[in-house]
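The same chain A turns up in both complexes below, where it pairs with chain B and then with chain C.
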Partner chain A sequence: MIQVSNLSFSYTKKPFISDMTFSVSKGEIFGFLGPSGAGKSTLQKILIGMLTTYQGSVKVNGIECKERTKSFYEEIGVDFEFSTMYEKLTARENLEFFRSLYQKKGRPINTLLEMVGLEQDADKRVSEYSKGMKSRLNFIKALLHDPVLLCLDEPTSGLDPTNSRMMKNLILAERAKGKTILLTTHNMQDAAELCDRVAFIVGGKICALDSPHNLIMSRGAATVTYTWLDNGEHSISCPLNQISSDEQLRKLIAENRLQSIHSSEPTLNDIFMDITGRTLL
Partner chain B sequence: MRLRGLFLWDIRFQAKYGFYFLYAVLTVIYTIIILAVPENWREKTATVLIFSDPAAMGLFFMGAIILLEKSQHTPCAFAVSPVRPAEYIISKVGSLATVSFVVAAALALAADVTNLCIVLLGTVISSTIFTLLAIIIATNIISLNQFILWVVPVEILCFVPAILHLFQITPGWLRHYPLNVCMEMLAGFTPSIAGIFLVMVLIVFLFFLSKHCVVKMWNGMGGVKL
Partner chain C sequence: MKAIRLSFFQMLQYMRRDMMLFVACFAPILAGLMFRYAIPFLEIVLTDLFNLPAIISPYYALIDIFFAMLSPVMFCFVSAMVSLEEVDENTAAYLFITPLGKTGYLAARFGVPAVIAFIITTILLPVFKLTSLSFVEIISLTIGGTLQGIIISLLIVTLSSNKLEGMAVTKLSTLMIFGAVIPFFIKHNIQYVLFLLPAFWIGKAISENTPFCVLLAFALSAIWIFFLLKQYLQKI
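Now for the complex of A and B:
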């Protein structure tokens, strides 16, 4: 679906994105992770054909982005982090308007509204919507024309846990339908849960690219931490894969003296910090 | 098909924002003014009123419409849609020209102008010029204050020579100034071929410039925080 080779881009004389090469398969959820100013937005702008003065090759759905025409957008749905709706119009009117811009018939508006639980509020003005409702409305706006590629920017931002879960299920359902999804998020838990692969972007370069599972596993196994009382509380950690050879632990188990025991895996955030030396904030 | 849809939706947005109600009220007020002045002043009064409001409404209202769209981030949605900048501009110019046409027709009929067709054609041409100018300004600025700052010199350049021309105070070198040609048409005079040619050249130039500005606005806004 997406082939990027030797991509370089610069706003000034100094390179902003340099020599990026990667591809995204059809039906894949691909995440871009990186701190602010890392080049994620610029990369996404290139992938959706809004920046065309790049070097190298960027093909999306078989079309070189710098040669795209407006019909390129018949197959791309973009969900921005902020609302892009007319506030004085109702949700239904907004959806009717934006659907009228596409040649494809797309999906029924009522079905989309039901999907995100907005059917009761469809005839309310968007200005009366909460941030979470606007996020859900923005998401279904990107699905209106049933595109093959979805670009989602922080899709769970501003959503309560229930709606966040619903949104993640909807994203997974779109993948199940064969859609390719590009996801930009600061939420490592979302990325680990949703993405088939993630790319860590720092300083306009891809520092790592793999599945969240492989990235986590590549940085060492999970550890087990246990505590016991012996003239005060003591705590020891040992790698999970060496647990059987930990004499202290075996002894404490045999004597039933363990106060607590828990395992912990490195998170995607730990891996990100490990690889890039930076946090996502 | 998409252009027709955009045009109809633009009309619907303008109605939602109370634009037509405002112009219905203004039309009544202007008609009362026209009927209140002595009969031999009516045609000139109508010419000035049509030029300064229905014909020039695009200069103010299109600026407001685009700034409103910017505040709601809708240009981002257009940037990633199949809508072409030319379609966006034509629908906006067309929707405002329609209102200008209707209001100008009402005022011209009230004043019983001698050459209604030329007056209405002049209104549509003037409205197109003013709306394109507003698109160029509004796409390049970010606040209402900036818009007002930019509109004032444009207003002076467009209005002063044209109004002076209506009262036959025109230096020779401004004879075919496009806004003077528009004013001539609003006064019911058939313009010269050279005048019409220059007006068309101006419209084509403003159209391409506004297209460039719209593309810049769409692409610029889309990247703010994607």
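Now for the complex of A and C:
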């Protein structure tokens, strides 16, 4: 679906994105992770044809982005982090207008509104919507014309846990329908949960690219930490894959003296810090 | 074309929600009625009062120039305001990544209103004109006025970042049309200080009956539009 080779881009004389190469398969959820100013948004702008003065090759759905025509946008749906709605119009009026710009018939507006629980508020002006409602409305706007590629920028930002869960389920449902999804986020938990593969972007370069599971496993196994009382509380951690050779633990289990025991896996954020030396949080 | 047409109609729908912009669209008719009937009446009153043969009538051609610029300036002001609001609300950026695209957006927000302003001015100017303008003069004034309207709308969207700033820039940029006044009142070469204003050359063409100056106004307008459009595209 997406092939990027030797991509370089610069706003000034100083390179902003340098020598990026990656590809995204059809039906994949691919995450871009990185701190602010890393180049994620610029990369997304290049992929959706907003910036065309790049070097290298960027093909989306078989079309070189700098040679895109209007039909290029028939198959791309974009959900920006901020609201992109006419505030004085109702949600329904907004959706009807934006859908009318496409040749494809797309999806029924009422079905989309029901999907995100906005059917009762469809005839309210968008200016009366909360931030969370606007986020959900923005998301279904990207689905209006039933595109094959979805570019989602922080789709769960500003949502409460219930709506965040709903949004993640909707993203997974779109993937199940065969859509390719590009996800730009700071949220490592979302990325780990949703993405088939993630790319860590720092300073305009891809520092790592793999599935969240492989990235986590590549940086060492989980650890087990246990505590016991013996003239005060004591605590020891050992790698999970060496647990059978931990004499102290075996002894404590045999004597039923363990106070607590728990395992902890490195998170994607830990891996990001390991690889890039920076944190997103 | 479908996307441009729909986007233009959407702008009209949006304008209906904003009374200020809605009323601004009817300003040329109100102004035309005043120019056509109130000014000649005022001329009669003033000439009687001061016992002079003419007071305002020597400048009726100038009033016709202003009227030719009024419709395009008002229509382009309205579309510039809508465009600024779209930049505020990020809808402009979104429209660029739909089949409408950047070119379609520019056509819907600046091209179509300018064409409509041209048509309306071509209809209204013969109705409300105070002098005996020929068909060629009417078309020349209308083209000049339409180009002036495009320049003002591009100045508004380029120099302002929201509607409030847009209102302020509108007041300043409409001063450009007063360039047409100078050739009527200042005959000395100092008038050429304003040579960069297209309206100055329109005023000169009418006041001195030099049709060549209209071509200069068109050429100058094209240069203004080229540079402002370049700036605007960089901004968005």
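Here is the rule we use: the second predicted complex is superposed on the first by the 280 of 281 C-alpha atoms of A that agree within 3 Å, B and C clash if a C-alpha of one lies under 4 Å from a C-alpha of the other, contacts with A are read in each partner's own complex, and residues count from 1 in each chain.
In this text, a contact is a pair of C-beta atoms (placed from the backbone, for glycine too) under 8 Å apart; a residue touches a chain by one contact, two chains touch by 3 or more.
Computed from a predicted structure; not experimentally measured.
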{"item": "Combined model on chain A: chain C and chain B, fit or clash", "value": "clash"}
{"item": "First (chain B), second (chain C), both or neither touched by A:Phe97", "value": "both"}
{"item": "Partner chain(s) touched by A:Ser41 [first = chain B, second = chain C, both, neither]", "value": "first"}
{"item": "First (chain B), second (chain C), both or neither touched by A:Val202", "value": "neither"}
{"item": "Winner by number of chain A residues touched, once chain B and chain C are compared", "value": "B"}
{"item": "First, second, both or neither for A:Tyr86, with chain B first and chain C second", "value": "both"}
{"item": "First (chain B), second (chain C), both or neither touched by A:Asp153", "value": "first"}
{"item": "Chain B versus chain C as contact partner of A:Thr184, first or second or both or neither", "value": "first"}
{"item": "Shared contact residues on chain A - chain B and chain C", "value": "48, 50, 70-71, 73-74, 76, 78, 80, 82-89, 97-98, 100-103"}
{"item": "Contact set on chain A toward chain B in their complex", "value": "41-42, 44-45, 48, 50-51, 70-71, 73-74, 76, 78, 80-89, 97-98, 100-103, 141, 151, 153, 184"}
{"item": "Residue ranges of chain B touching chain A (in the complex, touch as defined)", "value": "2, 5-6, 9, 13, 16-17, 72-74, 76-77, 79-84, 218-219, 222-223, 225-226"}
{"item": "Interfacial residue positions of chain A with respect to chain C in the complex", "value": "48-50, 70-71, 73-74, 76, 78, 80, 82-89, 93, 97-98, 100-103"}
{"item": "Contact set on chain C toward chain A in their complex", "value": "3, 6-7, 10, 13-14, 17-18, 86, 89-91, 93-101, 104"}
